[in-house]
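The following pair of complexes shares a single chain, subunit A, combined with subunit B in the former and subunit C in the latter.
Moving on, here comes the complex of A and B:
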């Protein structure tokens, strides 16, 4: 959280995001059949999933830290990271559907990665339902932390193991060429990796802003009660 | 000491169940009446449903049966339970509940499967693989839902929450089980579903470990 309030962190995030948008739209990309110019969606669709997994990992780390010290700060951070993770998951689904509409023919193709990703988002939506249904603050934090760890463990096979057991139209599974086959000229990496960093950093920034807002609300309520 | 405690708690759960007969008879009633509904719907035409529908209906029955059976695991928090839980450690409590729920679910699954075959016919070519899938799924559903019901019991809207938390998280398991039963229905040998079986076993072990690690935190609240 301290990281996201540093000026250099924010400047770097904005610079990388600007670079991603500009370079992603303007740089030369390999000409491939069917994909054509839509290959540029790679810069915006795949970083959503990378960002989601990294941010949910941060969320689960904060939940574990909450359970080991019962510091309410970790609970607030875990919640906000989970919310950003849900946002990235939904955006990843939407960008994927847009891309699939032009390359696979339909927005919802029943591709295993698509369905499992949708279920992963559902698992985390259940996390917010759980938080909403417990009144008591300390108990809510503790139970939510337990479910968050459980949810992360349930999500890992869903995203990383199950899609590999069946054939998929995504690159890298079911005999399809891997991700590397698309960017043989490695030019795309020059945009892709900065894009992953940029979107992950943006997520951390959003979560830290919401955390500060939550703290401000908490202290405001405390002051009003006195 | 640990096993003695586990055995005592298990015996207590069994005795309470045998005296009250609520969850076993309740879930059995649910299973049997659902199977009858299916039987009357498809009556006179035993072959009117395909193998895919047959397996889908069976797994829906199993899933909801498990939900019903596990939903009340931590519901009864009478004073007597408070006493039991004061003398036993939380890790033994969750393991005893998990073992008890596995046994309960295996019994329910066995009766449900037998009755389902009796009324709906058997569409499975390699029954051994399918029985293995039923066995692993029962064990998996019960360990998974034991933790979920422990989580949801701590909230004010517990019966509603077990469905909300349970269904999305159990889907990975269902996907594996459906894959195995598809292979079993097609008559493929166990070697063809070995990968799925191993992942299913791994998920079972992970959920049991997580229950063991996380339940003490739930219990303290």
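Moving on, here comes the complex of A and C:
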């Protein structure tokens, strides 16, 4: 968590975000039918999902650490990472629907990856609901941590295995791994990977601020109880 | 022959409509400037939020030391 308050970390995040916007709009992209100029949405839509998975991985790591020592700090970190992960997931769904409307013809046509991604986001929304529905602090933290592990374990096949077993409009689905459709263009990777790092780092930054806020709130409550 | 093929693919690619006019007129920079402004606003918001949190942290820790003094 100290990482996100380092000056270099913030400078790198801002620089990469700026680069993503500038290069994402101005660099050359392949001229492809149907996609046309909207291919640039890849620089902003896909990093939401990559960022979500990385941030939810950080969340589940802290949940496991909470269960192996019951340090409430790990519970707070896991919660705030999960919240940012949910935010990215919702943004990923919305940007995907917008993009799908103009390239696939309709915002929602039951594409396997779209559906499984929506299920994954709902599973994490249930994590939030579960937390909110338990009063007792320790019980809340324990049950939420255990649920978080199951949620992460459910998300991986939903996003990375199930859509590949069937045909999907998403590139790389339907047997072909990864980014075959964009393999030809290394220029796009030059923007895409920095964008993934930029949005992931931004998520870590936001989560770190909310973690500090929650720490302050916790110690405020402790003070008042005394 | 390969040259002919290449020119064919080039021709096919040129047929695909991209925002070429937007770029040649330079108006794409208007879009970029707007995006940079929005991004700057979000970053500024994060820094202001942190300032407030730091202030809150200080208040809470002052309160804690105050409570210890009382004991």
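Heads up, the rule we're going with is that the second predicted complex is superposed on the first by the 218 of 226 C-alpha atoms of A that agree within 3 Å, B and C clash if a C-alpha of one lies under 4 Å from a C-alpha of the other, contacts with A are read in each partner's own complex, and residues count from 1 in each chain.
FYI, contacts are C-beta pairs under 8 Å (C-beta built on N, C-alpha and C of every residue); 3 or more make two chains touch, one makes a residue touch a chain.
Since we're looking at a predicted model, the values are computed, not measured.
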| item | value |
| --- | --- |
| Three-chain arrangement built on subunit A, subunit B and subunit C clash or fit | fit |
| First (subunit B), second (subunit C), both or neither touched by A:205 | second |
| Touched partner set for A:170, first subunit B, second subunit C, both or neither | neither |
| Subunit B versus subunit C as contact partner of A:162, first or second or both or neither | first |
| Which of subunit B and subunit C A:126 touches, first, second, both or neither | first |
| Which of subunit B and subunit C A:65 touches, first, second, both or neither | neither |
| Superposition-derived angle with apex at the Cα centre of subunit A and sides reaching subunit B and subunit C, degrees in steps of 10 | 160 |
| Which superposed partner A:22 touches (first subunit B, second subunit C, both, neither) | second |
| First, second, both or neither for A:187, with subunit B first and subunit C second | neither |
| First, second, both or neither for A:73, with subunit B first and subunit C second | neither |
| Overlay on chain A, subunit C to subunit B nearest C-alpha distance, Å | 29 |
| Overlapping contact positions on subunit A, where the subunit C interface meets the subunit B interface | none |
| Sites on subunit C touched by subunit A in the complex | 13-14, 16-19, 28, 31-32, 35-36, 39, 43, 46, 49-50, 53, 56-57, 60-61, 63-64, 67 |
| Contacting residues of subunit A [partner subunit C, same complex] | 14, 17-18, 21-22, 25-26, 31-33, 36-37, 205-206, 209, 212-213, 215-216, 219-220, 223, 226 |
| Contacting residues of subunit B [partner subunit A, same complex] | 147-148, 151-152, 154-157, 160-161, 164-165, 168-169, 171-172, 175-176, 179, 195-196, 199, 202-203, 206-207, 210, 214, 217-218, 220-221 |
| Interfacial residue positions of subunit A with respect to subunit B in the complex | 67, 116, 119, 122-123, 125-126, 129-130, 133-135, 138-139, 142-143, 145-147, 149-151, 153-154, 157-158, 161-162, 165-166 |
